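Here come two complexes built around chain A, the first alongside chain B, the second alongside chain C.
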Partner chain A sequence: MPKCTIDGKEVEFKPGENLITVAKRAGVDIPVFCYHPGLTVVAQCRMCYVEVEKMPKLQTACSTNAAEGMVVKTNSENVKKGRAGTMEFLLLNHPLDCPICDKSGECDLQDNSYGHGSAYMRHSEERRTYVDVDMGPVIEKNMNRCIHCTRCIRFGDEIAGIREMVAVKRGNNVDITTIDGEALKTEYAGNYADICPTGSLTLRDFRFRKRAWMLKKTASICEGCSKGCNIELQHEGNVVYRTIPRENLEVNKYWMCDEGRFNYHYTQDETRVLEPRWNNEKTSWEDSILAVKTALEGKKVLFLVGTDLTLEEMSAIREFTGLYYPGSVLQHFGTPGIETSAQDQPADKILKMTSKTSNLRGAEKLGIVPHNPRVDHDFSAAVVFTGGRAVLPELGHAIQVGVGVFLDKDHQTAKYQHILPGLAYTEKDGTIINHQGKEQKLKRAILPRGRSKSTAEILMLLANKKTKVGVA
Partner chain B sequence: MATTGKVLSEKFYTAMKKLEPRYPNKKALILPALHEAQKEHGWLSKETLEDVANYIGVHPAQIREVASFYTMYNLKPVGKMHLKICTNVACCLRGADELMEYAEKKLAIKCGETTPDGRFTLSEEECLGACTTAPAMMANDDYIENLDINSLSDFIEKNKGGQA
Partner chain C sequence: MLVKRKPAIWNRLYFVEIIQGLWITFKNFLFHKKVTIQFPEQRRDYSSRYRGQHYIKSVNNVENCTACMLCPTVCPASCIHIIAGEREDKEKYPVKFDIDILRCCFCGMCEEACPKDAIKLSNIYEMSQQNREVYEKDFLLEQRGNK
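For the complex of A and B:
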């Protein structure tokens, strides 16, 4: 492999790699605004200046490919001067309203200004201001903070496949906006806020709810569909505040859809069942477990697992049903119309899959068959395990037991004689298999809410011989 | 191309047909296409931009970006007579600011506006390349050079047309 030298270190590179990528490998971070590894290179912001030996002027590292024997300096006096100059230009019209800006703490402009800019500015003229347009429910726009990096325009064009952001007018008056001020249409709009290097595009859902530096971060997997996008759950005080995508070039690259991004809301819904219920009345775990055991005793039971559960949970349920309810049947459910992995196809050209649950492949790996409504009447009782995401099947049984995450508002909880509250995907560890057959790990971000218990714990309670049927 | 757009007439497409061989590819035709399209209604409406985009084969957003970049494309309706007074260095030194002020007063509109009767639109223009004959202005496609208050006043009077 060819080699070049960056700040005195020799680094190998593949032909075609730009200096930012190569420098990163050498442990050198080059400040950038307009450059994003997932988007085309435009070299507009001029922040990534480096000095290349034998080249008379400073070069932008994003648009300069590494070459054999190239000697690059990223911290010479010249480079420092160049970056400070760029920073001063970029901040000419920036309102410097960091104390009231939601991006503060995770802002590229703030970080790079601190690292490479000057604490003083010579500019004392009036700043440029804009009138903002309403960009729809996902993104809040503040054009005064914009530095015209055009990352959002390129994201829409190249990734989301819709050219809805435009740069109109010219020079000092450039306005980054939507066509005729329309609302954003893409289902991937949340990414605009992620890639914006300033506080120009922020997420309405997250705005002013928490400061970025207060959030704890847990690397997990999205349960929105079988894609298995890598995500980071950001939480504080046992409350999840937002979800952002994590880089994984094999699965979701740098992106995620809005459906997955805002999916966590149901786990914190006011109407989520957080205490055991018996005929729609709150009850204790002891009473509840006893009542369920009594209700199921001697019955032919249909066990249904949602394909939104983890591999570990499914396998525990399979073991449990085999041991304690021989003769019962175990089937899976999830997305209506998508029963096998063959039916699970890409729902768009970007990320989304048609299976709206994450672990269909996992259920198939364990040999669990799809739910067949035609056999329902063979059973006198049904136990439904769900992570909250799977669409619950219509069951006609007299005795229905629900285990997992149930919401009063859309799961018709009144139909269930018993509800044993379980954990949502933000509250548990586990493995899920995505559409590529890749095993990925869910990580617990927050503690169980209310009095909910893990599936394993509930199964142990149900299996425990000591909780005798008929003894109060 | 035989098809016509929503708002652009056959004339536009035949004009484009003639121009096509002179340009390396269709994208290079964006500027002449916008000029040609502007001739039809005097300004570029959203629908016009869409037609041009369809013809060129790019997204309307890209056409919008180009059209908003240049001052010679009107994205708002303009009056019958579009006065573009140059206020760049040479003209400014020869009194363009006074001319602008006078025109604003005479027409009772601000720079960038159109008179209520739809006869005049007044706007500011960057350098018209007529520095030797400054101050200059463009009235639609014609150059009026060596202006002073009197000649500007005469010109406006002359073009007020038959008073209704």
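For the complex of A and C:
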């Protein structure tokens, strides 16, 4: 492997790697704005200046490939001066509205200005201002804060596959906007806010709700589809405020779709069932468990597990049904029309899959067969386990028991005789298997809401022989 | 070894000691300036930097605060609770600005951290109350200081 020297350290590199990647491996962080590892290199912001020996002028590290024997200085006086100059130029027209801006706290411009810029400003002219276009329901735009890094333009072009953002006008008047001022059409619009190094593009959903530094972060997995995108749940005070993608080059690279990003909302919905219900009336866990046991006693029971549950939960349910309800049927359900992993295909060219639940492969691995509503199974009671994401099947007039996350507004909870509230994906640990067969871990971010219990606990209560059937 | 000695008769009478003590009392009573003041009528001058009751500075009836949340972040007692919102004439403003005054330790860090010159500690120190009061936004917007 060829070697080069960065700040006196010898680093090996693969031919074709740029200096930012190589320097990172040497433990040297080069400040960047326009460079993003998932996008093409344009060397537009001029922040990543480095000094290369035998080159007369400063070079941009993002567009300079490492070469054999190259000697790079990232901290010389010249480089510092160059970066300070760049910072001063970038801040010429940047409004000092960090107190208002949602990006502050996680803003590249703040960090780099603090690290490499000057604390004083020499210019006193009026700043350039813009009138902003409406960017649709996902993104809020503030062009005054923009530093023209064009990350958003490149993201739309190269990742989202739709060229919707453009730079119009030239020079000082450059305006980064959508074509004809239309709203964003891509289903990956949330990423615009993630990659924007300033507060120019921010999430409407998150607008003014919390400051970035107040949020606690939990690395988890998205349950929106079988892709299994790596996400970070950001929460505070037992409330999830947003989800952002985590880098995983094998699964989702740096991105996630809007469906997954805003999926967490249902777990905090006002109409979520948070207390055990018996014929649509609130009841205690003791009464509820006894009633369920009585209802299932001596019946042929159909157990349905949603493919949005974790492997651990499915396995516990399988064991439970085998031990306590022998002769019952155990089947899985999830997305209508997608019953096996062979039917689960990419829904677009980027990330989305057709299976809208996360753990279809896991259910198959445990040997659970898909539920077919067309085949009559001759059962008189059904227990439905769901994580809230799977589309609940029609079950006719049998006694129905629901375990898991149910919303009054769209899960038709009135049809269920009993509802035992379970945990949503933000509230539990577990393993899910994505469409590549990768096992990934869900991590609990917040504590269970209301009086909901985990599936394992509910099964334990149902299995407990001390709660005698018929006493209630 | 502990030797017990009886005090001299001079000391056992306590007479001289009492006279000496009373002399100090009378001296202070008659010839010294009083150190106390008649509080509600008379008041002391406090430093202009005194950290008393809070208020949010407003200019032309628009509060300076933009709900940037630096004061709740820096507050060591976590007594400030802000909910931010948006309205016509102000991009970001505090919909709710509560100071749990029982928790407040009057350290003045909120005033120091404020980038918008909004939260201030006035010179008012009479804050006794009969219930566990929380200062709400309307109360805080009363301009009770000149900082």
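As a convention for this text, the second predicted complex is superposed on the first by the 466 of 472 C-alpha atoms of A that agree within 3 Å, B and C clash if a C-alpha of one lies under 4 Å from a C-alpha of the other, contacts with A are read in each partner's own complex, and residues count from 1 in each chain.
The rule is simple: a residue touches a chain if its C-beta (ideal position, glycine included) is under 8 Å from a C-beta of that chain, and two chains touch if they have at least 3 such contacts.
In this text the structure is predicted, and so the values were computed from the model without any measurement.
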{"item": "Touched partner set for A:Lys169, first chain B, second chain C, both or neither", "value": "first"}
{"item": "Which of chain B and chain C A:Ile179 touches, first, second, both or neither", "value": "first"}
{"item": "Chain B versus chain C as contact partner of A:Met214, first or second or both or neither", "value": "second"}
{"item": "Touched partner set for A:Ile100, first chain B, second chain C, both or neither", "value": "second"}
{"item": "Overlap of the chain B and chain C footprints on chain A, listed as residue numbers", "value": "none"}
{"item": "Chain C residues touching chain A - in the complex, by the definition given at the top", "value": "66-70, 73, 84-86, 91-92, 115-116"}
{"item": "Touching residues on chain A, where the partner in the complex is chain C", "value": "97-100, 104, 207-209, 211, 213-214"}
{"item": "In the complex, chain A residues that touch chain B", "value": "157, 163-170, 179-180"}
{"item": "For the chain B and chain A complex, residues of the former touching the latter", "value": "46, 59-62, 64-65, 68-69"}
